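Chain nomenclature is as follows: A, B, C and D, assigned in order of appearance, with residue numbering initiated at 1 for each chain independently.
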Amino acid sequence: MTTQQPRLLKRTLLSVALASVGVMGLAGAANAQDDTFKVGFVTFLSGGASGPFGVPAAQGAEIVIDAINEGTLPAPYDSKGVNGLMLESVVVDEAGGPTKQVEEYRNLVQRQNVDAVIGYISSGDCLAIGPVAEEMEMFTIAFDCGTSRLFAELDDPQYMFRTGLDAVADNVGAARYLAETRPDAERIAGIQQNYAWGQDSWQDFTLAMEQLMPEAEIIANQTPQIFQGSYGTEISALQTERPEIIHSSMWGGDMESFVLQANARGLLAQADALLTTGESGLHRFDGQAPNGTILGGRGPFGAFMPDNELSEWFREAYEAEHGTPPSYPASKAAQAILALKYAADNSGAEGVPSSEQLAATLKGAEFPSVSGTVRMDLANGHQAVQPMYYGEYHYEDGEAELRNVRSYPGECVSAPDGYNAQQWIKEGFPGVDCD
Amino acid sequence: MSLEITNLDVSIEGISILRDVNLTIATGEMSGLIGHNGAGKTTLIRAIMGLLPADRGTISFKGRDITHKPAWSRAGMRISYMPEDRRLIPELTVTENMLMPAWANNIRDGEQRLKWVYELMPEIADFGKRKALQLSGGQQKLVALGRALIPGREMILLDEPFEGVAPVLAKRLSSVIADLRGEGLTVLIGESDDSHSADLVDATWRIERGEVSQGRRDRSESSGLTDY
Amino acid sequence: MKLERTELSLIGVAIAIAILAQFSPNWLVFTLTLAISTALVVMGVVMLMRAGLVSFGQGLFYCLGGYAVGLGGRFLGITDALVLVGLGVVVTTVVAMILGLLMTRYREIFFAMLSLAFSMILYGILVKSHGLGSTDGFGVVDWTLLGFTPGDGQATTTALMLALVLALAIALFLNRYFKSSIGLACEAIRENEVRVEYMGISHRKVLYINYVLAAAVGSVGGSMTALAAGHVDPTMAYWTISGEFVFIAILGGTGHVAAPFIAALIFTLVRTYAVELAPNAWQMILGIVLLLIILFLPKGIWSLFTRKKGAAS
Amino acid sequence: MLTVWAILIDGFIYASWLFLVAAGLTVIYGVMRILNMAHGSLYALGAYAAASALGWYYAQGGDQLWIAFAIIAVSAILIGAISGLIIERGLLRLMYGRDEILMLIITFAVLLILEDVMKLVWGTTPYFAWQPYAAMGRFNIDVLTVSQYDLLVMALSVVIGLGLWFWLERTNMGKILRSIIHDREVSEAMGVNVRRMFTITFMIGATLGAIAGGVTAPIISVVPGIGVEVIVLAFAVVVTGGLGSITGAAVGAVIVGLARATSIHTMPELELFIIYAVMATVLVFRPHGLFGLAAARKI
């Protein structure tokens, strides 16, 4: 029996291998059906980014996809399907790092034969996927990642698009909001997760502050590890510096934990926090953030969505399904799906539009979305320009809302084409007049 | 019959060590197990203790099959053992070393039994609070014997008790073992020759290359106990 | 030099893969390249395991190899893949020669944790290197191979061919190495370190040579991953990646030079299909498969391929 | 001067948290020679159990602090002991006698499985059970504030440390465990049911991990992946102090805690390295950690 077992296992393994080779051959031959459009949706389903970003984004996308297939979206998206085709999605976990994501991207395109890919929250993944999308000539939309290097390093993109803003916009907007609402603040500190996003955010923010509030002094920056969870020591270190404003680009559970601990320790009574991604905690703080805490939503998303038919529909549909209003990652995902529908509907293609047709349609386009009108004006028509919003958290009688909301036009927060973002800030935002 | 082994085969990592061992010891009898180094004495004693699994055959104690009972259950059956290399717990004191089997088996009269052990071997009574590692090798032998006696009320297995011990101490050990005769204990002593145990045991078993054969059986009064 | 049976079959398998790759879908070619690159790093882990050491920091050398390719292309203007791989080997060897002086004093869990610490220190340095993109990493330049520039769609296949050739060369070398006096001394050290010393062999020296070689092999794996994926980032030095290498090494077993390759391929395929079939539970599937293999094939997947083993059990 | 105070206070607060996290790991390693990677998952399980139980309690309108603490304790102990029992009886038991590193990989597989199990049970939405932390209040030292909840964690850590020390050094069961550590076979021959002792030890170690998670739950937002972050930290502490030694874990936690606090207050840039740098430095001079015993050489 003991000699039988390995032999049996060996045979099973061999037949599994043969079978999978056979399936691969078949998959190569049988292309996707003609009446469906298959989109790969890549988002965090595990790890620390899944709860606050990955899963809400997947939920937002799913609601829009269902509505598209039922034809229940408001105009101009009230036609059924995308270009008349059923929209089918394949969801993939973004966890595992850029190398694994490159592999999964190739699998999506070649093994699953998707017609387009939407996804990527992590900037590292976006940077790795960009060149691969171009190499494989696959229409791809990055819906959330914020690195300003995406199109700086991808010269002359053809297939890669981004329908959200980059992190530069968050931090220039943050500095503009401070300059308007707290012009007298003198002691500015920061706390950022110790990785690229945190470092980039702090760099862009401090550069913008030098331009917009030259009197203010940058006194300290703490860089705890990502997913560290408890920030007691960092809070003490900030307290000893006596700041008036604390800028933080921390997100998700880390951001919520920091706010809770800083509030309980009294740090937020000493200083106002400015949270560039704070909107995702709007309905979760439960009053644990003091009134007056400044929240951003990475653009006109989540609670910052302007009132229009699409945003009203989305807010209601999302709340009906998940019991809470959509946060910004959900609306950013919805926006990317709408961009896909816009591109497909207007591609003029018969049947499944090709990547070339989709890219040609979306390039430089202006399409209505849950966040208002999106203009694909930057990076040669591949990067969206949208206004940046900030507002103050206010909690009363169990209801959270944003007050003192201000918006800054896209031109005032994003560097124009041909400029390196940091250079643009250092030179004092040339080419636009925002004052 | 106290211990009865029939057709026992034992192997270690696929290598056959004991082959078709048959051995019996009557209640209250002292037996010697004589064989060269590597003949399989330690293997047999460990197999009886349940520390090595039997491939075939049975080991029974007082008529009860204990072949596949876990090693730790031996102490509960009042069987114990003194390993060849003493193997005391160096960081525990002498008293703690000896009481440990009592704690592990909820033996209520452990303390009393310990007192009796100290009476039996007064030379270690003074070392009670010392750590085991501070004792000489010979003293450790005595402590290991004492430890075996705490749970070992019915049968004890002694693996090379006189090995590596100064002649004076070896004599002392054999006199302690001789004192046990009155306690009704069944004893099996593993040895490379019978120079120390010849006067002690009622019977000997010879072990050679994993095979056991009956040896000398000189005490007429005890031969009546073996019912072959 | 007469080739023995193992060597002939290694060459045969490599040629067969090279031919099959011409007819395989592109994703499979890419996955295969990654699996081979991973296997090379795992090979380093296996080399250490044969000497009784387990490294939870082999990601250090994987990452060094990857960054050498990335930085060499970016700052030194090197585009030839072979030169880039060679650069990685040189850098890694130098680092390993320094660390090896210390590492060879350690055994068991302490070796594992110290190697983990060094790899995490590299991770920390890279995360702090804002100019190198911090955790986002950066793209690898378009590379050439001996003057040939792979055109569109050829890069994946070219990378596989390069990986195959390098892996074959390394496998052939290691196959002999395992049977050489140093290779055998390693196994002897695992079994009984003190006795090796009695035999008049300096175990420190043997372990040192083995450590440096394992590092160099791991570096090639990192370089090939960077060339194929076109991107490097500090995750390569993170401890979970090193843990994955140990995981695959145990899946395969240390019995044969081919075992890491088979294990890496199976691991990659199980993972990619698990991600596709159960996007919410792929880690669980991976964990269960691993447990089953440890439970039923304690000597690794390779034991399925050894007839002797079947007869003995 | 304020900074010195801050470093001491923060350092010891962090050290007590580190000790809570590392204690179970070192107990299990000490007795069973298993470096339990799944310890992080037990931490996460404790955090999830406590956070969801607290969430339920406060949703009922509860506002008693002591009931909240009782809920944390009960939920963490229950989930720790039960999952410890299941892991040990259901899996590890089948694997005893395997190589130390193989055992480590097995617990790594358990970690992978539990990560997804927790996701299936609790979803991915962060759990936020802040009430006990906020309710405990704080006091001021100049501009510096100290949360009284953190002091409570410190006290708990001291109690658990002393309890473990007493258990292993002074009780009969502790002495039995020490004889298992030293010589498993002889202990078995002397009537020690080693398997049952292993089950008990693993359950206690697992429960300690869950308690660490449970008391941390009100401070953090409980999300998938928190266990993975904690495990290397615990490893570093335990290795620095010496594997299997309670005193070692305590001293290791204090050293790492103070080093980290010093770095954050004076050179925040170094924070990421500091733990590994401490571990590497200690191992260079004391290859088996501060209180580690040299492993027996193979002869």
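In the analysis below, a residue touches a chain if its C-beta (ideal position, glycine included) is under 8 Å from a C-beta of that chain, and two chains touch if they have at least 3 such contacts.
What you see is a predicted model; the values in this text were computed from it and never measured.
Listing every chain that touches subunit C and subunit D alike gives A.
The chain closest to the protein's centre is D, with centres computed as averages of CA atoms. Here A-D and B-D are compared, and the pair linked by more C-beta contacts is A-D.
Chain centre most remote from that of subunit C: B (centre = mean of CA atoms).
Here the spacing of subunit A and subunit B, counted between their Cα centres, is 74 Å.
One finds 35 Å separating the Cα centroids of subunit A and subunit D. A separation of 53 Å divides the Cα centre of subunit B from that of subunit C.
Inter-chain spacing, taken between the CA centroids of subunit B and subunit D, is 43 Å. Looking at subunit A, residues 45-46, 194 sit in touch with two or more other chains.
For subunit D, residues touching at least two other chains, in rising order: 115-116, 119, 269, 272.
Under the contact definition stated at the top, not a single residue of subunit B touches 2 or more other chains.
Listed by label, the pairs of touching chains are A-C, A-D, B-D, C-D. On subunit B, the positions that touch subunit D within their shared complex are 49, 51, 70-76, 80-81, 83, 87, 89-92, 96-97, 99-101, 103-105, 147, 151. Interface residues of subunit C, counted against subunit A in their complex, comprise 24-28, 30-31, 34, 127-128, 130, 133-139, 152-153, 155, 225, 229-231, 233, 235-236, 241, 268-269, 272, 275-276, 279-280, 282-283, 296-297, 303-305, 309-311, 313.
Listing the residues of subunit D that touch subunit A in their complex gives 2-3, 6, 9-11, 13-14, 17, 115-116, 119, 123-126, 128, 130, 133-134, 138, 140, 143-147, 149-150, 216, 219-226, 229, 260-261, 264-265, 268-269, 271-272. On subunit D, the positions that touch subunit B within their shared complex are 172-173, 175-176, 178-179, 182-183, 185-195. Put simply, subunit A touches subunit C in their complex at residues 2-3, 5-7, 9-10, 13, 20, 24, 27-28, 45-46, 90-93, 97-99, 102-104, 106-107, 109-112, 123-124, 127-128, 131-132, 135, 147, 149, 153, 194-197, 199-200, 203.
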